[in-house]
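Notes follow once the structure below has been shown.
The letters A, B, C and D name the chains in turn, as written, and every chain counts its residues from 1.
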Amino acid sequence: MIEIGRAKRATRVYSFDDIAIVPTRRTRSVGDVKMSWTIDALTFDFPIIAAPMDSVMSPATAIAFGKLGGLGILNLEGLWTRYEDPTPLLAELAEISDPVSATRRLQEVYAEPIKGELITERMRQIREAGVPVAGALSPQRAVEFGPIVEKAAVDFFVIRGTTVSAEHVSSVDEPLNLKQFIYSLDVPVIVGGCATYQSALHLMRTGAAGVLVGFGGAATRKTRNVLGVEVPMASAIADVAAARRDYLDESGGRYVHVIADGGLGRSGDIAKAIACGADAAMVSTPLARAEEAPGHGHHWGPEAWHPRLPRGERATFGPVGTLEEIMFGPSHTPDGTMNLVGALRKSMATCGYTEVKEFQRVEVVVRD
Amino acid sequence: MIEIGRAKRATRVYSFDDIAIVPTRRTRSVGDVKMSWTIDALTFDFPIIAAPMDSVMSPATAIAFGKLGGLGILNLEGLWTRYEDPTPLLAELAEISDPVSATRRLQEVYAEPIKGELITERMRQIREAGVPVAGALSPQRAVEFGPIVEKAAVDFFVIRGTTVSAEHVSSVDEPLNLKQFIYSLDVPVIVGGCATYQSALHLMRTGAAGVLVGFGGAATRKTRNVLGVEVPMASAIADVAAARRDYLDESGGRYVHVIADGGLGRSGDIAKAIACGADAAMVSTPLARAEEAPGHGHHWGPEAWHPRLPRGERATFGPVGTLEEIMFGPSHTPDGTMNLVGALRKSMATCGYTEVKEFQRVEVVVRD
Amino acid sequence: MIEIGRAKRATRVYSFDDIAIVPTRRTRSVGDVKMSWTIDALTFDFPIIAAPMDSVMSPATAIAFGKLGGLGILNLEGLWTRYEDPTPLLAELAEISDPVSATRRLQEVYAEPIKGELITERMRQIREAGVPVAGALSPQRAVEFGPIVEKAAVDFFVIRGTTVSAEHVSSVDEPLNLKQFIYSLDVPVIVGGCATYQSALHLMRTGAAGVLVGFGGAATRKTRNVLGVEVPMASAIADVAAARRDYLDESGGRYVHVIADGGLGRSGDIAKAIACGADAAMVSTPLARAEEAPGHGHHWGPEAWHPRLPRGERATFGPVGTLEEIMFGPSHTPDGTMNLVGALRKSMATCGYTEVKEFQRVEVVVRD
Amino acid sequence: MIEIGRAKRATRVYSFDDIAIVPTRRTRSVGDVKMSWTIDALTFDFPIIAAPMDSVMSPATAIAFGKLGGLGILNLEGLWTRYEDPTPLLAELAEISDPVSATRRLQEVYAEPIKGELITERMRQIREAGVPVAGALSPQRAVEFGPIVEKAAVDFFVIRGTTVSAEHVSSVDEPLNLKQFIYSLDVPVIVGGCATYQSALHLMRTGAAGVLVGFGGAATRKTRNVLGVEVPMASAIADVAAARRDYLDESGGRYVHVIADGGLGRSGDIAKAIACGADAAMVSTPLARAEEAPGHGHHWGPEAWHPRLPRGERATFGPVGTLEEIMFGPSHTPDGTMNLVGALRKSMATCGYTEVKEFQRVEVVVRD
């Protein structure tokens, strides 16, 4: 514990940039590294999830990501469930270069109401492509649209917001009782973000199959400016991993997956997330650089279009390659934005590991 | 304690940028968050005070700020008490772009003597608008102009300077005996800045209703360059909050308000100030960005026009919106400069708090 | 030990930039400083090795470096063993200014197979110039080309790769048994990189004459982005120096040389490497600035041309002087890129040391 | 003690930028602050010395600085003792804008031999102006030119070099026996730089009246690049202040002045130097900005013209005011480069101190 001043104490926390992975005395062949990830009834080829953000996941890219062997999640409060055909809007947004103008236009565009029938349609479209289906709602809209999502026979129901707590207290609206809600659903639920041992433990007790650690959105989030709230990811994951271990004991064996969601802009960050205890990583920024990305090289999350208090900003990148190249290479740049799967495989092999679960134990150091 | 070298020890201190607020396992509805702040006989809609700086508070903007529900303080040693009509001067200053030239012109403009009758006039003007009236003097001029201020029937008398101590020792001038002076006044006094437990405790013992922590001025101060003196705000507030607690006990129940004054450039900083123990925050930089701001997008404090040793610099910002938008939104930028009240409300709700006083206990972390 | 979070601990580590050397109470004349370095049967005029990178060492510059009194190592998997005459290719590469295009072209150029007869020819060429001969292979190609290198009567056989471990486990390929391999060779072996006490100790037990600490490549490596792996050099060297000491005891007197390989861009870094316990330093970036450098002012390592996952980038510098000026001066710039030998000599004299081995004990401090 | 790695430990050290001065609960009037400084037989108006560097001190500026009440020291190995009239050379140097060309030309210009008769002449010139006379030699030339300096009836003899030790061991040249040399002189000696408790203690035992802490040269030094040697000033001063205290005891009452020499680019740094235990500060960078400065806005130290291994670089500033304005104001900029004496006075008054010696006890904090 650190003393900030006589009346306040704090713990010291660490971000991915503060830490580094250290090789052990053993190395492995990359060919021996197993990357598959099983959660609930489904097994994926790699432990990387595509985040439910309009700049990254459209029905088409969710299908493409699924065909590559991963889980792509569609944002069910995004443009695809507000508009019959949002492609002209996405093209128009791509033309706006000034970030403040972009924020204003996003605020307008997202004022359009969500349509239940579009949720049904988008999920159907993905399911018919033969890949796993997953859609995300915020806790605020989960009760309203949850039944529609469930009826759409999704493989995963994702409840994702800024700081989702198991215990939302409210006198002004009817709060979502997460435990009851998840119990009532017939599909596995992934829920978050959370950032501490206690909040994760409570989320695990709701019956979720996975919890999201962090608040998503990588480069485009500015919550620290606006709210003063910030979650250095390395510490958050290491805390939530402890909650997983303790809940496993408390529940007599229920293993809740810890999914890093935020700060994962480079392949090295994905390796560090697992090194800190994550089972999988939900990425967005690297995928926003795909040629197929619906954001046309721009990237934004839900916090960017809050009508009165935006807490994120649209970011702009040039495309670096196809979705397949970003996931599997070949890479032509050493900045950690291409060949995410190959990089994780190489990181594990270099450090002497062949199993993702084992790699959670690799040694890390803190840079002074 | 840290050893700087064999003959010197020091404590480690923290600024707002070093810390972050951490959500708890509970969340709240923003509609349930109570923001009102009561000090002495007055209650305000939010715990944010507008700083007595000429670039921020004119009689007009003090009235506007009061009508929005806050407390705006007029600098009684500023242009409005030196000139009958300073608006041409403010317009002229806005035309100077070079900072060194701006310093020189400020030094000239502020050489004009303060007129007692203008103090009376400015206070009357604000009072007649039906909003709370507050004016600020430096300790150096408090004895001279204090009676005029008191006679003007202000709601608060603010004594604000660089490092105000309860015990000013001098053989060359008649020092202000703060305790006697405050005792002699019929209005509640807010006094500061201070930065340590001891100096705050002594200021509390003078009978002040509130103490200012920090030295004001945010972006425009350069005291660390000139004097080597610097007050990382998070630690200063946490120390002074401890003085408040100990003085509450010592005095048998007198609660002296701790008001953060400095380093509050973004709404997240205001949340952090309260998280460290502040009751309210005195802001200037965000208000200097209002379209109505008298500085026309420029911002400076009294330390910028010291005739021989300026310790601040005029800063220049573009306006981001109206005073009302800056306080209540809607915001169109995620940099923490708009919707200050909404951001504080959201920060508290996100972390599970509905009372400002309770929010002083929220968990904070130190970033490595 | 630092707690990253409840489920993860870490040690704090230091890079060259984090530390500084401190003079003692004694000073020495630079003329008294002895710089010679003996490893196995050979003695060099200074403890600085030229790294086996195509941008730095060609047969011609290896010979020139040897004539200056040092050990220059040729990369036996580089352009000089893939092409009869790579000089047109080196010239062509120098014309490409965009780093991503450079990466793509490097990937193509290095796809050409290595020819055993060129290995023989290049080693012969250097040997005939009458200077010590050393060639480097990666562990992946060591078995294939090792016999050719041995037959070429080299003075040192360098096995250099990203994280070379004594224990490479593989089910997909026949792993190199380093201990057996080194035992079977008739020449002294220098092997690395490694970064920890344990991995270094195991490398020492293979019978190597020297181990490389770090992963080479200085300014051009981006492994931290891609793999999350990073080795702050000061800590790595200090750990491996402890392995040398413990292995010296364990082996009953075999002194394995610790050679810093990475992060050595300035002469001050070389001094710091020795201060942390290195016996010698393998440099590349300063030599890439020589007028004679085969990279024509560009600099890249093997990690820059990996076909699917490049982890380094070609860097570009202007030349600062001749190879001789870079090693012995006169220097015309205070950035630590010229007169490397003179700078190390001066650093030692200033701190009161005349022997490199003694200088490993000089006091260092950590900058806050 | 910090563990860099298993085989190396270090202490953590602090620079001026790492620390800040904290006001106490008392304030003082600036008019009560006493700034005079007495060393040996002389008393100066303020504890600030002008460093013996050609860009700062010519005979004319040394006289001007003395008339302002301070001690200006002439570099006796500079242009004024190498050339009858160096003003054309200074003008020519001022025309060279490229730093590398400047280094080359400095190396040539300083190759001209020092003339003993010019030493005599320059000292005479200053003495006749009726101000205190002081000249500086490096330890390398002290024996050769010392007698001439002594005969010139200087008030202070300064021996200043990079790392001056009391115990210089050499087999190649006849080392200066500092103790004997100082004992043989009839004038008080100021000697340095040094940076540690032990080296300072040994320098104090030579009989010096003052020791210089640090290696001088502020902005223009690059020793950390070239030699890896660096002296964070706050820690160095605090260590040497402990040596002063212990030597005072050991010697039965001889008070050796601790003079900070390096890193003093802003008035705040001067205050911090005293706060760490210095009795006086030797400054150069702020004086290089005087309109009268012989460097015409450029600034360099002896380390910039080393013939084979320059360890500093010529820096370039625009002039900010007259020498008098820089020392006493009025200042027109808050960057700490003007009104050095007024700033120190204000810093002390703000923190409640009236005596420089007492100010050595002011509280400092370390910024995270």
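By our rule, a contact is a pair of C-beta atoms (placed from the backbone, for glycine too) under 8 Å apart; a residue touches a chain by one contact, two chains touch by 3 or more.
Remember, predicted model here, so these are calculated numbers, not experimental data.
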| item | value |
| --- | --- |
| Homomeric contact chain A-chain B: same or different residue positions, threshold half | different |
| Gap in Å, rounded to a whole number, between the CA centres of chain C and chain B | 57 |
| Where chain C and chain D are represented by their mean Cα positions, the distance between them in whole Å | 40 |
| Overlap residues in chain C, where contacts from two or more other chains coincide | 12-14, 235, 366 |
| Touching pairs - complete list by chain label | A-B, A-C, B-D, C-D |
| Partner chain B, residues of chain D touching it in the complex | 12-14, 16, 19-29, 31-32, 197, 234-243, 245, 266-272, 275-277, 329-336, 339, 342-343, 346-347, 350-352, 363-368 |
| Sites on chain D touched by chain C in the complex | 2-8, 10-15, 18, 99-100, 103-104, 107, 162-173, 175, 194-196, 198-199, 201-202, 222-232, 235, 303-304, 307-313, 366 |
